[in-house]
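Provided herewith is a single structure, encoded as structure tokens, for subsequent inquiry.
Going in written order, the chains are labelled A, B and C, and every chain counts its residues from 1.
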Amino acid sequence: MLSEADNQTLTKVTRGTPMGQFLRRFWTPILLSRELPEPDCPPIRVRIFGEDLVAFRDTKGQVGLLEELCPHRQTSLFFGRNEEDGLRCIYHGWKFDVTGQCVDMPTEGPESNFKSKVKIISYPARDCGGLIWAYLGPIEAMPPELPSFRFMDVPPEYRLHTKYLRECNFLQALDGGIDSVHTNFLHAGLDRYQRNEDFNERARRSDDLDLRYRTVDKAPKFFARRTSYGLLVASRRTVEDEGNYYWRFNQFLTPYYSMTPRGGGGHAFVPLDDYNCWSFNLESRVDRPFTEEERERAHSGIAADVDLAGGIHMNKRIPGTFRAAANLANDFLIDREMQRTKNFTGVVGTGTQDSMAQITMGAIVDRTKEHLGITDVGIIQARRLLLDEIKQLQDGVSPTEATSPESYSVVGIQFVEDQSVTFDECIERHQNEIYAQLTT
Amino acid sequence: MLSEADNQTLTKVTRGTPMGQFLRRFWTPILLSRELPEPDCPPIRVRIFGEDLVAFRDTKGQVGLLEELCPHRQTSLFFGRNEEDGLRCIYHGWKFDVTGQCVDMPTEGPESNFKSKVKIISYPARDCGGLIWAYLGPIEAMPPELPSFRFMDVPPEYRLHTKYLRECNFLQALDGGIDSVHTNFLHAGLDRYQRNEDFNERARRSDDLDLRYRTVDKAPKFFARRTSYGLLVASRRTVEDEGNYYWRFNQFLTPYYSMTPRGGGGHAFVPLDDYNCWSFNLESRVDRPFTEEERERAHSGIAADVDLAGGIHMNKRIPGTFRAAANLANDFLIDREMQRTKNFTGVVGTGTQDSMAQITMGAIVDRTKEHLGITDVGIIQARRLLLDEIKQLQDGVSPTEATSPESYSVVGIQFVEDQSVTFDECIERHQNEIYAQLTT
Amino acid sequence: MLSEADNQTLTKVTRGTPMGQFLRRFWTPILLSRELPEPDCPPIRVRIFGEDLVAFRDTKGQVGLLEELCPHRQTSLFFGRNEEDGLRCIYHGWKFDVTGQCVDMPTEGPESNFKSKVKIISYPARDCGGLIWAYLGPIEAMPPELPSFRFMDVPPEYRLHTKYLRECNFLQALDGGIDSVHTNFLHAGLDRYQRNEDFNERARRSDDLDLRYRTVDKAPKFFARRTSYGLLVASRRTVEDEGNYYWRFNQFLTPYYSMTPRGGGGHAFVPLDDYNCWSFNLESRVDRPFTEEERERAHSGIAADVDLAGGIHMNKRIPGTFRAAANLANDFLIDREMQRTKNFTGVVGTGTQDSMAQITMGAIVDRTKEHLGITDVGIIQARRLLLDEIKQLQDGVSPTEATSPESYSVVGIQFVEDQSVTFDECIERHQNEIYAQLTT
């Protein structure tokens, strides 16, 4: 539960709000790199933190991120012609380069100097690790480096990124990314949830820790520790018959990243505005490139594993868009017979299940009505961390001083330890894995 | 015509408003019983008086009506699993019984007592007479009995209930249910409206009083009398050539029921919120069960009688919904050629005709602009009655003291009397029919 | 650039606003005549200056324009029966003539005098020149004459009018109609824009001044002169190799008409409300009737000329409506490959190109953010003129005193003159053409 004031502080992202100022101090993933596939390709609309912008890749391959409307008469530059190192407005031909400088103004004639005086808002943008990044904060506070995620270091073939729109405030998505206990329910097939004899037999024979242990204990104990990148959130499940603990480490990286305990992947939940966010689904590996089939499955949103859940990419989309085909307007295509006999929700796909849980709370959930329990330690700590860092920024301490971009190369992990090993000892023992090369 | 203040008082239904308080003192029809067909069937959304709720039928067959959002993290319980005497949230598995008590909280572990402290809003609900009823008022003022409608007493096969959404304030629908003179126009075929020689010949040979006399006099005289259930509204048409009066008795039962003069049927116009109401269409008979064909016709909305009007159920619906296929967005599928040559409106179906007349007034009609005439006696008296009872409630008199649930077993009737018989004498003479067993 | 206050003054059109009062002093085109094709045809909805009305043609052929809702119970008269010199409400049969007088009130009985006391808002309406005109201002200030456009004087076969909805404030459409330099870009094929050797060779051989000269000079010099009808706006392009000037005269006729320089045609941009306007596309000729093929092309919106632009009518519509099939919701069906290789915009049709440029500014563009240049003289002067006339009206001078209805028979023209001829001399020399009989 939060006060109304804290809920406002944590959820409102437009310019001038505390969270809006905070978020603008980070490099922000705004697009998949493949959305601007080549020089002079069509420009695209970008809505980020409530600002309407247009992104384009110029003839040299540089990415520009400009305010949407032409300063001449306010026609949208999204419809502009991307040509010869600049974006040209279709109404009267004014042209702008990636810095926002007007570089051609044909209606004024060749002798005019007017164009040199017209410059529009542009934000620094970079193409790295399969994502387009932008910086929307004050230039003097711009972090020199992008966060050093694992997927930044591998060749493109070893990465697999997707995205879709989630029609709710980003903090609801982030809460879900940190709260790993919900996987016992929301993402569980009925066999895994109920753990009958057959399932247990199958689980015992499996190498997959997640399959074997995730639902053995429905009330895991939670731990959290602040780090240089954000928060390490651990859930500990008791494995009665083995006398062990099954540990899952989720990572929360400020301001909106989470890394799942299965390793190698995570999400960025980036606000378009107060009521919508992107789920960027980020995956990489080091052992081999992703196969075409893996890419096809991730992009198409075809999912079917033991839980009818699937991986981090799963969500069938409306063709030609990044909107989920199963959405609030159609009750997420819930199948009540499937819910009765196959899985917990009656819907297919991890992403759709998360969307169902989060979007039905309302565009911005009223957190004054929450009743948080012992498994909500992670989200409580993460919210506190964000409130603290926002406060620090108001006191003059930049989040890039508080956090550390080079520390972002962590992943989530899972492991089993003897019941005598403490949380602190676990961190020490598995430190290398958290930072280790990925294998999935 | 009403003052702006009275119009507000009569139309606003959310919690805390005068009408909202008044309506909440009655047992309210919220669903058709068949919408919750069996124990542990899928839960459904209920919006009533501006409140968003979820209804379900538990393993024992009891109906629960709960606030929609789970108290844990505010995920919608509409998507919940209905299982073993409770509704379980899909996010973290918290489970609630029909009283709103949390009965399972798996994330807290078996030893926790937290669940006993968590109880959500639930409203008493009953399944009776083919409808699900709920009580949303103060518990200490809950009427012990449901209103004793005729259709409560007959076996299910002798009832035929339908419903559809009407996208306007409930009072517009109720005004229409009380105002019986509009049937001379809105629901009339051109032959009945014009009464040419052919039609009159056909009418003379018919046993149907409605067909013979309804349009003989387009300016009927109106009478109203307050009763223990609400208002008896009578219209009296002069039958010139027979020297008689043709009487039609409509019944208005507080707070939103009307019974049509053709007997055996009526409507409940129940507010979803200020701008939408359900038309529950309630019919019963005592002579024989309804046939499959009659049910099929009522449910499918296929209508075609002499007036292209049909009975109380008529309204083709968008498949899978209770929304009318002919609606404001498509101009009620008006056919101007039909309007020129066949019937008064150019649309088919009594319900669609009513919706066209009422919805096009606006979501809440501005009654300060009305010009009421001599045939509007019924609606004037009904509004006055509602204002009086709201005032009484504010003075501490419950409407269930003012009205009398056991008196709700009245029906509308029609008959012919000599011109010497007064309104009061008519009531006395036909008292038995008003309360008689139904035959249609 | 405008102040926020001036932008409000120029764009808000509802009753009581300065522009709303100003616009209501003119005869206003509200419908194409063929939308009310014959006596007793179906009535249609009219939304104009934010008022919801219903238009009908009575048995005598007279046009009535009434407030939409019946004064009895506020049911929409749009659904009414148009019969025997009046529009009859479908709810209770009240009937109104073209003056708004209630002429039948069947529910009150024949002896009642109530109907004579009920009269609703009606506006004077006329059918002339292929358009239905209405006057929504104070009756005592009603101009006796309609504006004397050229198309008023020719037989119906010599006129070709169309209309479509443009989803933005009317001033954006009007700005576009006055600003003729945008045709060099927005409406240009790439060959015309780039003027390579092939194109220049083709242009040299053409009689079409527009084709030959429009894009020879991308920074034309602008001139404007106030007239008795509004503003004459001239653009002068230098034709280097011939040592001439190519002149284009656009006409702005208060309050929202523009006449294109190609002669014979123009637009009326009439506000439905603050956020939508009609583009009435008005064309006439004197040499011969329009052919069936020309009409078919104009009505269907099939366009394909050298610029993929077409004439003033071009805009494919959603069947059964006056809404453009290419609209903001589908990004005006922009084809990026066409934009790269064929024309400046990637969309087909002058109207669609204009809509794209204007609608993407927002429903009401924020003119405080404009950066106007030397080619914006026309729109600057036109806005100033409107502000002056609004101010005059507030000082008690009617716009029909300021302007002169009989002077509206001007057209736009184009011509070539020696570089020694001044703007004033051009007007003098071509005065006759501006008022000449049309030939296209």
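Rule of thumb we're sticking to: contacts are C-beta pairs under 8 Å (C-beta built on N, C-alpha and C of every residue); 3 or more make two chains touch, one makes a residue touch a chain.
Everything numeric here is computed off the predicted structure, so don't read it as measured data.
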Message: Starting from the defined contact criterion, work out which chains touch chain B and chain C both, please.
response: A
Query: Taking shared residue numbers divided by all residue numbers at the interface, is the value for chain A and chain B over half (same) or under half (different)?
result: different
Query: Quick one: chain A and chain B, Cα centre-to-centre, how many Å?
result: 49
Task: Would you please write down the residue numbers of chain C that are in contact with two or more other chains?
output: none
Statement: Seen from chain B, its contact residues with chain C in the complex are 175, 181-182, 184-186, 218-219, 331-332, 334, 336, 339-340, 344-346, 353, 356-358, 360-362, 365-367, 369-376
Message: Please output the residues of chain B touching chain A within their complex, sorted ascending.
response: 42, 69, 71-76, 78-79, 81, 90-93, 105-110, 112, 114, 118
